[in-house]
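Should a chain be cited, it is by its letter among A, B and C, assigned in written order, with residues numbered from 1 in that chain.
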Amino acid sequence: MLGENERVLQQLFSPSVLHTLDLIGIFVFAISGALLAVRKNFDVFGIAVLAEVTALGGGLFRDLVIGAVPPAAFTDLGYFVTPLLATGLVFFLHPHVERIQTGVNVFDAAGLGLFCVVGTVKAHDYGLGLTASACLGLTTAVGGGVLRDVLANEVPSLLRWDRDLYAVPAVVGATMVALCIRFDALTPFTSVLAVITAFVLRLCAMRYHWRAPRAWHRRSAVVEE
Amino acid sequence: MLGENERVLQQLFSPSVLHTLDLIGIFVFAISGALLAVRKNFDVFGIAVLAEVTALGGGLFRDLVIGAVPPAAFTDLGYFVTPLLATGLVFFLHPHVERIQTGVNVFDAAGLGLFCVVGTVKAHDYGLGLTASACLGLTTAVGGGVLRDVLANEVPSLLRWDRDLYAVPAVVGATMVALCIRFDALTPFTSVLAVITAFVLRLCAMRYHWRAPRAWHRRSAVVEE
Amino acid sequence: MLGENERVLQQLFSPSVLHTLDLIGIFVFAISGALLAVRKNFDVFGIAVLAEVTALGGGLFRDLVIGAVPPAAFTDLGYFVTPLLATGLVFFLHPHVERIQTGVNVFDAAGLGLFCVVGTVKAHDYGLGLTASACLGLTTAVGGGVLRDVLANEVPSLLRWDRDLYAVPAVVGATMVALCIRFDALTPFTSVLAVITAFVLRLCAMRYHWRAPRAWHRRSAVVEE
């Protein structure tokens, strides 16, 4: 029975399935970029640019750091076209897309879980240490969103205290992968487990509005805005 | 007669002429960066930084992506000095430079056309696919301006719906080059044609205030600023 | 006597001492990032991110440009952990850290001097020309602070005219190193001299509020904000 599950999981984690999951992650990140662009009143090209940057920015940074040039974002046509599909969808249907914001958030959480795991594995494949790999996995997962907010001239929601936890689930997922690599336990099963852990943590953070603390004595200090 | 034209064009497109055109493009981009810095009330070093970033940012990003390190911006002294000349000009003469804003815009359009073509060709030379090369050509042309606006803490004018078309002429120019490469038709003549097409499209966009559409149902939706 | 001094200086400039100085520079830059994050009301993860980016951003950019991948920031665990220590310190003690702002500024000036010299030397080691090396040394020193301000959605204080000179001391330090390399005079002694010159210049700039001029005729022109 376990053997059966293992086989199913291995199929579930084959290169082509991984690539499909990757494209899904890119798609939902692109949706979040395109929706912000609509809210900021950008034109259709601005929407496309923000969708591409949000979807591909994290992976692009990772590839530059590990020296995997040209980065996957520029060698795989699917990576480039997927955000354009998201742009088209948001452009024509954005009130509907906004209405299903919860659905988008769930997919975004899935993208977060997937990208932190894939990023960590890829960084380690290129010879980085475990801590550095986990960091780069985290960067892969959250980098696109930071670039999106910088281009839209907003404070990155990653950094704001009044947003539900976003980095922590990715940190947990990336750390799980790093520990698995350390103890030679990185299998499709543990990888999927790390993805799911990060995914569920992010869902819980949204559901129960988990927040991170601000600096000690915050209340008594004068806030400069 | 055609042979004569061809020969003239080939001279016009020789390495040294190309380099001169490149420097002109860098110069006018630097002017636009320096003028924004003056408007933002930066000091002389802020003006120089913004001029350098605007002029060299797009090409620097392209070179990092294709793995051409150290990037041309750091190996060619002319690339570094030209923005400083623009800084000096704007620093001492900026009311006059602003008065000839139209002239600057025309040169900026020329830089846009030139950079999207040069960027696409260079990316393809480094082994990227045609779509990726065209994308990187576009990025070369518009990247410096985006960095300029991010550093000046403004929404990139590339993304704003209330600005005349800027990306589209570069997209057209880069696509023309990619198609020429695809059909083995990249000659000095077709290259110059692509530059001129992008240039003229941008001039028309400014003259007739061509704008790109915003998202569907924009009017009915609530705009969050 | 001079021989004695030379020997002391050589010890002072040995790899392990250099690494320690590097970590001190990273630490104080991280403090400045963490303090800005507290002022911007970020949560603890935002503080950590801003500390890491401020401390490592400049060197990361330098390493990407010279092709030293993976960058030192991702291969040396100390580089990653030091900003986390700064984060912890600021998180628990930030009113006290703010009260000793002068002390922090002095350390930041030391970091500035050190990084501009180390950056220039490393860039030249990787084959860049003298001018490019000095530029990259400057970028190493000021890059982290610019990224910090961009992520915090503020106009980089490097560019603002109402801040005391920050770039100029780094320019002087980097130029001194480049000249020393040019005339084969780069020794531990001259290196330390360049660090100290940049350091003292920055201290003077803070003490006497040295400012750089804005563009000519600034007063008469209409300022667009």
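Observations, loosely collected:
Methods note: a residue touches a chain if its C-beta (ideal position, glycine included) is under 8 Å from a C-beta of that chain, and two chains touch if they have at least 3 such contacts.
Values in this document were obtained by computation on a predicted structure and should not be read as measured data.
For the two copies, chain A and chain B, the CA superposition rotation is 120 degrees, given to the nearest 5. Two copies of one chain, chain B and chain C, touch each other, and the residues they use overlap weakly: the shared fraction of interface numbers falls below half. Chain B and chain C have CA centres that are 31 Å apart.
Touching of two or more other chains is recorded for residues 64, 67, 150, 153 of chain C. Residue ranges of chain C in contact with chain B, taken from their complex: 64-67, 126-129, 131-132, 135-136, 146, 150, 153-156, 158-161, 167-168, 211-218, 220-221, 223-225. Taken together, the chain B residues at the contact with chain C in this complex read 37-47, 49-50, 60, 64, 67, 69-71, 74-75, 77, 80, 90-95, 150-153.
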